[in-house]
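Questions regarding the structure given below will be posed in turn.
As written, the chain order gives the labels A, B, C, D and E, with residue 1 at the start of each chain.
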Amino acid sequence: MENILNHIGIENYIFLSVILFCIGVFGVLYRRNAIIVFMSIEIMLNAVNLLFVAFSTYHQDAEGQVFVFFSMAVAAAEVAVGLAILVAIFRNIGSIDIANLKNLKG
Amino acid sequence: MNTLIAISGLGIFCLFAEIINLRKAIVPVAVLGLIAILGITVSEFDHPSAWYNNMVIVNNFSVAFSSLFIVLTIFILAMSGDFYKDKPSKFSDFIAIKIFLLAGAVAMVSFGNLSMFFLGIEILSISLYILAGSDRLSILSNEAGMKYFLLGSFASGFILFGICLVYGATGYFDVAEIYALSQGAGLPVWFYFGIAMILIGMLFKIAAAPFHFWAPDVYEGSPTLVTATMSTLAKVVAVATLYKLVTSLNANMPHLFQVVIVAIAILTMAVGNLLALRQENVKRMMAFSGISHAGFMLLALLSLTTAAGTLFYYTAAYAFAGIASFAVITSVTKNKATQNVSDFNGLGKTNPVLAAVLTMSLLSMAGIPIFAGFFAKFSLFTQTIEAGYLVAVIAGVISSIISIGYYFKLILAMYNKDADAETTSFPWVYTVVAVLAIALNIGMGIYPGCMFDLLK
Amino acid sequence: MDVTTLLLLLFVGAVITFIAGDKLASKVALLFSAAALGVTVYLLTTVQQFSSLNVSYPWISAPKAYFALKVDGLSLAMVLLTTALTPLIILSSFANQFKSAKNFYALVLFMAFAMAGTFLAADGLLYYIFWELALIPIYFIALLWGNDAIEARKKAVLKFFIYTLGGSLFMLVAFAYLYHKAGSFLLTDLYQLKLSSCEQTWIFFAFFLAYAIKIPVIPFHTWQAEVYQKAPTVGTMLLSGIMLKMGLYSVMRWQLPIAPEAAKTYMPLVLGLSIAGVIYGSIVALRQKDLKKLLAYSSLAHVGLIAAGCYTLTYDGLSGAVSQMIAHGFVIVGLFYAAEIIYRRYETRTIADMGGIRTQTPKFTSLFMILVLASVALPGTYNFVGEFTVLYSLSQINVWYAVIGGTTIILGAYYMLKMFQNVMLGETNAKLFADVTVGETVVMVVLIAFLLFFGLYPKPLLDLVNPSIQEILTQINRS
Amino acid sequence: MSTVLLIFYILSAVTLATAFLTIYTKNPIHSAIYLVICMVSIMGHYLLFNAQFLALVQLIVYAGAIMVLFLFTLMLMNLNKEDEVHKPRMTRYAAIIVFIVLSAVLVYVFTDTKPIMGEYDYTGEDFQSIKTLGKVLLNEYMVPFEFASILLLAAMLGVVLVSKKEKDAN
Amino acid sequence: MEKNLVLVLLLAPFVGFLVNVFFGKKAGKGMAGALGTVAVALSFVLSVYFFLQVNQTAKPIAVKLFDWISVSNFKLDFGILLDQLSLLWLLFVTGIGSLIHLYSISYMHDDENMHKFFSYLNLFVFFMITLVVGSNILIMFIGWEGVGLCSYLLIGFWYKNQDYNDAAKKAFIMNRIGDLGFLIGIFILGSMFSTLDYGQLKAAITAGNADTAKLTVAALCLFIGATGKSAQLPLYTWLPDAMAGPTPVSALIHAATMVTAGIFMITRLNFLFDLTPFVQNIIAIVGAVTALVAASIGLLQNDIKKVLAYSTVSQLGLMFLALGLGAYNVAVFHVITHAFFKACLFLGSGSVIHAMHHEQDMRRMGGLRKIMPITFMTMLIATLAISGIPPFSGFFSKDEILMTAFHANIPLWVIASLASIMTAFYMFRLMYLTFYKDFRGTEEQKHHLHESPGLITFPLIVLAILSLVGGLISLPFGNSWLNQYLAPLFSEAHHAEHHLGTTEYTLMAIAVAGGLIGIGLAYNKYLKGGYVPKEDQDIDGFAKTVYNKYYVDEAYMALIVKPINGLSNFFRETLEPALSRLVYGLGSLANGLGSLGSRVQNGSIGLYLFAFVIGFSAIFIYLFLANK
């Protein structure tokens, strides 16, 4: 065995992650549907997870992968909470368009 | 570490209390428990220790801030008893979440490993998302929760990315190791990207411009007591964490970073104060006031080696004043649909004690002497001047002047107008909390040395 | 028995007044203020070496600050001004029925406490705290017990507060900087600082902003007339009689000795502004329709001259300024009181609604006349001593300063006599003017007696402040 | 070009494309499906690194749990129709511009970093087997692991709190 | 002992003032008047006592009372100096003062505020004494301001009439203009010589190493002070208006005593003016021009007191002319004789006005000679004196002035002579219009016409006698008592008296002739021609300009008062609100920025996210790209 990064190069992973992250950001900016926005955030988190694993290999260190567990736990918790709030909103105003949330301003 | 365990245990106890029908006892038990925990925490002062492979590091900084958080939580919990009395079925949940929130907060100032930091900030954030949206039938509360959640998790993504890059650059999550490596040369530039990203994420959490937009909306929409929590506890936690992060990851912050901090601090003070001028909603006004205070607190990052004491003093002064004012605000607007300045008309006559407390806390926030807010601002200014950023001080002074405008709007309303509506009763618990908090604030003002010296 | 007792007395007095309740408040306040006066006089007469009264306790360790009070002739003279005027002011308000009187009198005493503290403080931070503390009571006094429509009052008072606080915050920055340089706020340490001329300039102007607003020097005076008019007379008296002097005193105690080089460099500028204030205030006063506003502008003119005296950096300028400060304090309190006496009877402050009062109350007329004359610095009044010395010092700098500043004796006579004529003289007013009461007479007579006595025999006061002024001058002229 | 690199490219292309399509497609259900594919492709990356356990968890947590949650919610709200309004044109252009700027900035700053290709450490130690991970997680990272349970507990409580109806005050 | 007596001299009128203020009303009118009179008389007696003493010993009496003001370079005592000059002044101040007090007892008897009147008069005398006896300039300044104050109080004595109050105010303010000059002069002297004490000043100045330019400025400033108090150009306009006060006041303050304070001051500081010939020239010119201008205005005035007022201004001008020429003793001589006859004239006119029930317009008088013989006779004597007809006192004093002028500068002499001729003319115009022909007033007034009571006529008679014989103190035939008495005060240069030669006698003749010409002209026009001045609205042409005092008041009004008031209005209505708006403007600016910010904070999550990302990008660009 050898370090897989010898074939791919850490910077490729960095770029991949960065672009994936940016796509996530783009999604958050681009869409009004709250669920899609949540998905975009998930994409962002996944991009980071991917990079964690890459760095874990890069350093030949388990901690990076352990951190991914926490990251996943957090992602799961966030999604659960977010969706709960979303459901509450949907019950109140019948829409999940975040552009409708403009009562608080000024 | 003991603090953390005890707090988590207390939270779980609250959940159990519900099951065994001890609902009435929850608040007293929680408050007493927290007081006991406060004792435990304080006893750890001057006994620095590291726990479980440096996951949790107890030092004076963490003890001081943890104690502050605990005190603030005690105040908030004390008010919760009355605040949630018409939601008995969820009572224990609210209390438990607030205690878990405290656990997250304690983790944030005593982390020794970035994983603890990340989990802490997420516990805090998620609890706050929930609390913000906890008034499920209110559209405003929903909106607040949603906004906070969306923006907050977005920012969390950046923080996570930052942590990842730091890890990539150093190979460690352990703060001490990272610090050691950061002192030497040869770190990949990612390290600084990572630091910058964490920094930006934290700037979002403390609501510094241009990452502040969520704060006013969320503060306004959330139930008042939650707003109180956010504007006092959450803000203080975020600032303390930011300070700890910056000091422990990278003590010799490059000059460029400082310039960014100064620029953001100035922008934040300006935005906070200017926008606060126009607000009619008190909670919203307090949000902007909080933003401007965040700008002040950022100045502490300019003198990293010496500012811990000052920052502690500032945050405590700000938080106590905030608790006092929010206790009054909660008490006054409890039965009202709005929280406008006009709702405070005539408070000076109908309830002079609350009016006096609110006046004093606003004066403290405005930085009028003898209240702790003054010494806080002053020593911050002194240190910033010593760090060589006179321009930031001037901006701080100008924004302080502007801030008088809106603080006094509220004071004027209380004393110079007659009450519009019938007066309602003011539950005693708010008054007690308000008076205690402001007494602490004044005490700090009369004898500031006691707190400045703690973190020498 | 020392100055801490004095401060405590005033502070405790404020608390007890608050506790005493509405009915007793005024009497309790009078008692405590009179006691403070007693202590002051006792200290003045019995203590040989004022420096033995200095107080210094460590207070804050970081930033290092002391609870330090400096007692010398100058500060005692100002404390005397405060403690002598406060009981008179309180006494003068006995005829007024204030709602929630306990708050009112407690605030008055608290303000006296803060002002006395300002005059005594020898530590920059402590000084600043007292300085700001004095602001809060007057804010509430003007806001809650003031005249006219609430909205206008709110606006004026808020402007006053923001304005003065804004100015003093720059002073705070200057203190922060000085602390950075000296490592302490103590007056003595600050005096020993060697600052570059650039630093001095910045510090000088930071202080200047604070003081110019407080004094006020044009063009920073716009808060003054409105607040004087809107505040209740007691507040106006406190403001004009004592609080303005805080600014002037601070110029002498803090600004000049700390930044002497800058003071010398920018003397033409600050002197020019001060003297311009003299003329400007006088001219604006000419056509005022509101009695209190007129007096406010007259005050602007007078303090302009005092400020000019301070900024001459000469012995005469400083000593004249001190004399004039005290004299002006007494006379302006008397004049505002006269306005209040008229208001109590006619319920108006508009000069056009007055006139023809003299026939009905010759006693009041005479007292008012003497105050008017003192205000225009007729020889024989203490004001003359001050004005003469100040103008003399100005003439030492440049005779034209004295000439231009001296127009105050012409213009001052013009607007004061015109005011007096329109208010008091002319055909007997149709409205009944009840003769002044004993209480009113006593207050005015005491004020006048003070002015006349020291007008003829100013030596005790001059001797009192002389050493302090010499000391300050030594500081200013250190190389 | 080694096989590994080829696989990397293919996987990356799939990842990016599906991620993009997740955002771009108008039907939320389609979005969800694209997202699942995206997650699976990321799992592929993990497998490439030989991080088998993580790959499995990825599949379970994301493609399984989280996506089910999403879909469940979508179904609950009955939003599978294309009633979705896009943001105003201006906003979309702005989003695109910001996206380009952000990517450009990040990519550009990272190009400068120049990690050296081909000279990566290989210690030969086992660092990503389930066993090792378990040891690390439950020894060194025991506290965060426990702490994560607080996180999940809080989230659970929160979800209940927000969704559950209140009983009457009495 | 001496000190106590001096104090009594000084304080007697003050005590009178205090007593009258506090108890005058209760004591009753007669008592109040008597008290006031006695107080001044007491001072007079003591003045005489000290005068005799000093006249004999020629040693001034100096008394130090207490330390007063101290400034950096000198200390001022509150001290008293009784020397030849001050005693001379004291004599006629207290002497004439006593007479006028006596006169006022009757004159003011109908006034409800008589006790006030006496208290003010007493106060005036007190300040006048202070002015005169002070041992340094600053004490003179106290008195100087004090008499100004009393003048203010007394002019506005009938305070219900706002015109009178205006006149009083005007007097005070114009005096204050001069006072500023005085003060500046004091400052310059003080800073130059570190003393204001007369003796020390004299020593210092005559030592001769002072900067002449500075001295000149100082002297000029002091002179400005004198023009204010002594009603010289350009500050004279207050004096005619000051006639609003009761007539005894005009007599005492605005004729005999206070207005001569300027002359006293210059005489007192003669050693200074001697060294500044430039200022002396100015004084002479101002004096001469004032004499002429005032006399010319006096020609056409119809108010009996106004005529006398302009006459006073004119006579004061002559005195200043003498001062400007260095002839201090001559000026002092004229001050004394002028005090006699002008007081007499004023009191006489007061007697007339009293009889006419406060009618002052000469066009409504006439034929009073028979009804008021004593008044007429005494006034005639005084008129002859002022017209410079020998052997009345005015002749000697005025003649000396003219003679001095002739020797110094012919044009000045011409001007002064012209003024004298005019004086003779308008004084006799006054006499003719008042006392001759038929009565032109109303029937009612005619009924009440009567000679004044003894308390009024007695002072008139005394003053008339003094006007008659006053010249004796300084006869031009050598060995003038006055000149010798005053000699110690002046430098040697002035000791040489004019040697009476042909020129001098010719000049005397010309002067007398001039006086006679003036009288003749008046006789022709008013007595023989029976001309009565036209009513105000009928006056036209140049006469109107003169009648309206060359419109000087109007000019001052338009050039100084109006602009200042305009400026005041401008400041009050424009600049103040503008400044205020500027401050509020800053507030509004903050508010404006705030609302701008509020608009950005529009509630849209998308926007917030954009802000986040843009902020993020900006920071990254700054940190890692822009500063590579």
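Rule of thumb we're sticking to: a residue touches a chain if its C-beta (ideal position, glycine included) is under 8 Å from a C-beta of that chain, and two chains touch if they have at least 3 such contacts.
Predicted model only: the values in this text are computed from it and were never measured.
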Partner chains that chain B and chain D have in common: A, E
Label of the chain whose CA centroid is most distant from the centroid of chain E: D
Centrality ranking, top chain (CA atoms only): C
Busiest interface, counted in C-beta pairs: A-D
Euclidean distance of C-alpha centroids - chain C vs chain D, Å: 70
Mean-CA-position distance for chain D and chain A (Å): 5
For chain C paired with chain E, centre-to-centre distance based on mean C-alpha positions, whole Å: 37
Chain B and chain C: spacing of chain centres that average the CA atoms, whole Å: 42
Multi-partner residues of chain E (each touching 2 or more other chains): 587, 598, 601, 603, 605-606, 609-610, 613-614, 616, 620, 624
Where chain D touches two or more other chains, by residue: 87, 91, 94-95, 98, 102, 106, 109-110, 113, 115, 140-141, 144, 148, 151, 154-155, 158-159, 162-163
Shared interface positions of chain C, touching two or more other chains: 162
Those chain pairs that satisfy the touch definition: A-B, A-D, A-E, B-C, B-D, B-E, C-E, D-E
Complex interface listing, chain A residues touching chain E: 25, 28-29, 32, 98-99, 101-106
Chain A partner contacts - residues on chain D that touch it in the complex: 2, 4-5, 8, 12, 15-16, 19-20, 22-23, 28, 31-32, 35, 38-39, 42, 45-46, 48-51, 53-54, 57-58, 61-62, 65-66, 69-70, 73-74, 76-77, 79, 84-87, 91-92, 94-96, 98-99, 102-103, 106-107, 110-111, 113-115, 117-125, 127-128, 132-133, 136-137, 140-141, 144, 148, 151-152, 154-156, 158-159, 162-163
Of chain E, residues touching chain A in the complex: 598, 601-606, 609-610, 613
Chain E partner contacts - residues on chain D that touch it in the complex: 87, 91, 94-95, 98, 101-102, 105-106, 108-109
Of chain C, residues touching chain E in the complex: 159, 162-163, 219, 221-223, 225-226, 280, 283-288, 314-316, 319-320, 356, 358-359, 362, 366, 373, 378-380, 385, 388-389, 391-393, 395-396, 399, 402-403, 406-407, 409-411, 413-414, 417-418, 421, 424-428, 456-459, 462
